[in-house]
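Look for chain A in each of the two complexes below; its partner is chain B in the first and chain C in the second.
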Partner chain A sequence: MDKVLGDRRAIALFVLPTLILFAAIIAVPILLSGYYSLLDWDGIGEGTFVGLQNYANLLFQNTDGFGKSVVNSIILLLLSVFVQLPIALALALILARGIKGEVLYRTVYFIPVIMSTVVIGQLWLKIYNADYGLLNAMLGSIGLDSWKSDWLGDTSKALLAAFVPILWQYTGYHMLLMYASAKSVSEEIYEAARIDGATGITSALKITIPLIKPMIEVCIIFAVIGSLKIFDLIYVLTRGGPLHATEVPSTLMYKSIFDQYQYGYGSSIAIFIIAECIIFTLILQRAFKSE
Partner chain B sequence: MRRNYISLKGGWDIKMIGLNIVLVIGMLTCLYPLIWLVLFSLKDNNEIFGGNIAGLPTQFLWENYKEALIQAKVGVYFTNSVFVTAITIAATCFLSLTSSYAIIRMRWKLSKVTLNLLLLGLMVPQHAALLPLFIILKKLSILDSYWALIIPYTLFAIPMGVFIFSGFMKGIPRELEEAACIDGCNIYQILFQIVLPLVAPALATIAIFTYLSSWNELMFAVTFINSSSLKTITVGIQTMVGQYSTSWGPIGAGLVVTTLPTILIYTFLSGQVQKSLIVGAVKG
Partner chain C sequence: MKGFSIKAISLTIIAGVMLSLAACGSSNSGSTPASPDSSAGSSDLKASTKKVTLKMWHQWASPNDGNTKALREVLDEWNRNNPDIQIVDDGIDGESYKTKIKTAIAANEAPDIFYAWGAGFAKPFVEANAVLPLDDYLKDGTSEKLLPGSLTNVTYDGKVYGLPTSLSVASLYINKEIFDQNNVKIPTTFSELLDAVKAFREKNITPIVVGQKDLWPGMYWYDILAIRTAGAQGALDALNNQASFDTQPFKDAAAKLQELVAAKAFNDSKFSTGYNEMVSDFTQGKAAMVYQGNWLGGSVEDDQSLVKGKVIAIPFPAVEGGKGTADEFFGGAIDALWVSANTKYKEEAAKAVKYLTEQMSNKLYESGAGLPSWQVSGVDESKISDLTKQTVEMLKSATHTVMWWDIFLEGKDADRHKNLVAQLFDGKMTPDEYAAQMQKINEAKK
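== the complex of A and B ==
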């Protein structure tokens, strides 16, 4: 057995293809991104090395809405954590305590999670359409004509309007994670609580939530990272417009690179996004641990 | 736990009714936009723009689907997506299986380091690799081909595959493999004839996970593919919306077609699909 499991040729055949491709497609590109971010480069010919100039432009010059894009992603982050997660938690707690139709509800809530973001974005574009959209039609039919609006075209409403499809798509995911965690809490604990007189809301607040805290923390980290690197939905809905009202760092990165050929500058945004994700994750993990 | 909410008489109490109303509202919020989508995919512009936005179509215009699939080439995009996704799933499962087995069961010095390196890949956002990958694929002359999607999709899916397989393999007793070895099986027979059937549940999880990530992917697809004949469905739909901006029916039909395979898979395997995404989160 030892001889078979130590077969170097088999080990190489099993691991090397993956490792070589992993290096070429993931490891090397990430290092290259870091290197490109130090260049002034339009993608044609050689770039010139400019050190941290791109980062300085990014953080201090702020001519292209980078500051705005970071603020927007933070707003989405706060909305996700403080609006989306509480809704998901409430649904998870209700479902996990056993209710008629539990499986049906869970199954339906999860449908948007598995759909393509492109489909969801296009569908919401139609819902938000100023002239023929479902939302304005519904407002009109209940006599709220004055509330009608060009939801994604109005700079004061666009970001909030873009958040609603995010809420629609991902609440089911967080709900499912917390639900699965709450379901794994042993029945005896609830039994003991009931003998002590804790039922319904008390038992959810005092028993279930503390016990599923690790999963709530995972959900918070997911929601935070998801908001910081959000791309698909914003790209489909508004491409960051109008006037940067829904701009997020990743749409700005995409436009810098592929519309304006600022390869160096765009790469510095990419590195910024990764750094931001790592820093937020570390801070949150530390905060959760020290509690 | 059920009895918790049921009053002594066995009927429903007020709280129970309230909770059910909340849950039903949630369910309608999830479903209604989708129902509306199916409805407008069967209408013509006169109806949509003439005031019948939310109601049933007066006649079901199946031509919209024909228009979307053939004239708007959604059929081509769909086929491309099926091809890319199928190869990606197969490649991800195969490569994750072989490397996880070598890492978890076989004996070599750097196995632990390799595992940690691959798992680090779970943390990498695709953004980080977008531009360098674009340049590398261009240099390799595979930009604007199926491979420009299959290879990156596979590699970005492998960390999750290795994570799931390696966790699963640790829990399998070694006796079967030892017996197979004594019977004279070589390492390849052990892996593919003895271990593979044992890890089949993990394989299903990985396949579903990989399906969802590659079928729905947009950023790479929009960047690495240019030819209309090679576009996958997510980019194809974006193109189609550009061309058909004023006729909603065919666009709706395209969106329904895009979602159909996912809904079908979900209908038959909803438990398995939910489990796949829970497993994916436990890594956190």
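== the complex of A and C ==
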């Protein structure tokens, strides 16, 4: 087997199918989107070549709230890196130290990840419902009637209300990654630390976190990219409304293409999202390396 | 660890190979129907006796939709009576259907027969030559069977491309029980409507429910107000870009809408309520009024509805000082079936579309889910619900109909219009700003 893996031709042969698949379903569509983004095209008839006009409309003469949608996605990014990941990390550290019911809790926290996003969306729609929603009922029963509101219909609250389910959904995912990584830290290191007098929190901060840092970095990159391209839950919960309050770039892209027949313009948003994700990833990788 | 990684690599590759094989498999089967193309031309005689299968796509999948029931019955009849021309259908609901049919037409993979809205929605399809003109197939007396005006929205450049299954029109639905219990007068003018709103609010009853999450239900309110203030002809002129939106009647309509919003006429959670929740709120008796298309009738008369038999349909109240009258309606014939230009069976598909649309028109009228777009034949009038009869009665005195503005305007213009109305609902935009923004849509077209 070592011999086979040492043979470059054999490697090329085995990698080829996956490479073709990758090219066909990822690389080619991205390149095509890049081409479409240079067209004024309704998606059906003939397109006309307009050069960078779509990008000019997107970035400089924008009228459809693209700037706000980018700001919204950045807010989500900050929330997921600075709120969601610390929670996931804390859960992972606690579970990895072997508390009672470890397996049960691990499963419970992971359940939102395996649930379909539309199901989660419907669930939270019911929680947030202004008339019979769980949240308003709960506030009412503890005497906080003045806090009741139409969570997803109020422009000042909809953004946060729509982000909570997203953070909730993916906490379990990051927790599992960090948990797996924390579990692989050798027990001998902890033993040595215990002999030196390090307990609970100290050993978590001084031993576990530094040792699982590569995994934390991976989680940060996943969280950043995931936030920048978030679409599904926002679409189910608010469709980007009310009045664009919860708009993110990908909902705007969807609307441009399918509601407004602006395939070229929508493609330029797609290219923007891809570029944004690549730039953020590069910056993060550079930052992690220089540390 | 090493053994594991080798296993993992080989598993990934196997999975990759299998996926790519699967992809090949499906594309093969997808292209089979096209392959006999070459032989079809040489053996035309044979083809006519051969069994033909027509693919049909539509948006009537929801079991609660009256259209679904009508379509199922009509399709069964057709397939029973035409063993040589079988129709295989595939339906998904509303918004997803829009995406599906647009994608298919763009990819040149449209089925033989498909559903689409007329006017602005199907216009790009027609311009892309994806739809078959039907004029040649209508000369056998079919044209005479259609009701006057029902082809307006399926005619482009003088050619007919689709056939309508029904006529739709919006009216104000009144929960008579709530009105009677609270001694509120059923409104016939805008000021009476405002009075009714105030009376209900005092009693903590939601006067009107609107599903503004989906944007178009709220748009209906602005559009009918504009039809009342500017008159149907005035509205059509502005929509056709022959007159300006930046004029007093359109500002008045915006001001009237904001008067309603200020009087708390609409449900508190209007921005988080979608169309479906709006319908269920009304059919559960949670609101006194809703302004909707006649398809609402099916849900109101449904067995699960708590307001069955308690709802009446009335024309939208006249606006004092407006150019329009209560005899002008918002709606028209827009639901239509079309034949793909790429179909191999043009004759058969056209024949099927003629049959399906005429029979659906009858069935929908009979069940109360729609208004007829064809001359009614063989319909048992006794089965027709009061709600439908009221609407048909109203339409007898109709002087004009104005098509749904989001269909009339196209794509991004329609989206822009809906978003502008949403801003009126929010109260952050003044009528002047609104009218100026609407006129920009027209200016961009010049």
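Heads up, the rule we're going with is that the second predicted complex is superposed on the first by the 263 of 291 C-alpha atoms of A that agree within 3 Å, B and C clash if a C-alpha of one lies under 4 Å from a C-alpha of the other, contacts with A are read in each partner's own complex, and residues count from 1 in each chain.
As a convention for this text, a residue touches a chain if its C-beta (ideal position, glycine included) is under 8 Å from a C-beta of that chain, and two chains touch if they have at least 3 such contacts.
What you are looking at is a predicted structure, and each value in this text was computed from that prediction instead of being measured.
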item	value
Touched partner set for A:142, first chain B, second chain C, both or neither	neither
First, second, both or neither for A:258, with chain B first and chain C second	both
Chain A: partner with more touched residues, chain B or chain C	B
Touched partner set for A:17, first chain B, second chain C, both or neither	both
Which of chain B and chain C A:195 touches, first, second, both or neither	neither
First, second, both or neither for A:117, with chain B first and chain C second	first
Chain B versus chain C as contact partner of A:42, first or second or both or neither	second
First, second, both or neither for A:154, with chain B first and chain C second	second
Set intersection of chain A contacts, chain C complex versus chain B complex	1, 5, 14-15, 17-18, 21, 131, 258
In the complex, chain B residues that touch chain A	1-2, 4-5, 15-16, 19-20, 22-23, 26-27, 29-31, 33-34, 36-37, 40, 48-49, 53-54, 95-96, 98-99, 101-103, 105-108, 114, 117-118, 121, 123-125, 127-133, 135-136, 151-152, 154-156, 158, 177-178, 181-182, 186-188, 190-191, 212, 215-216, 218-219, 222-223, 233-234, 237-238, 241, 248, 251-252, 255, 258-259, 262-263, 266, 270, 273-274, 277-278, 281-282, 284
Residues of chain A touching chain C in the complex	1, 5, 14-15, 17-18, 20-21, 42-45, 128-131, 150-155, 158, 238-239, 241-244, 255-256, 258-262
Chain B-touching residues of chain A, taken from the complex the two chains share	1-2, 4-8, 10-11, 13-15, 17-19, 21-22, 24-30, 32-33, 36, 90-91, 94-95, 97-101, 104-119, 122-124, 126-127, 131-134, 137-138, 141, 168, 172-173, 176-177, 180, 187, 190, 194, 199-200, 218, 221-222, 229, 231-232, 235-236, 250, 253-254, 257-258, 263, 266-267, 270-271, 273-274, 277-278
Chain C to chain A touching residues, read off their complex	6, 9-10, 12-13, 16-17, 19-20, 23, 98-99, 102, 105-106, 124-125, 127-128, 130, 212-215, 268-273, 286, 410-412, 414-415, 419, 422-423, 426, 428
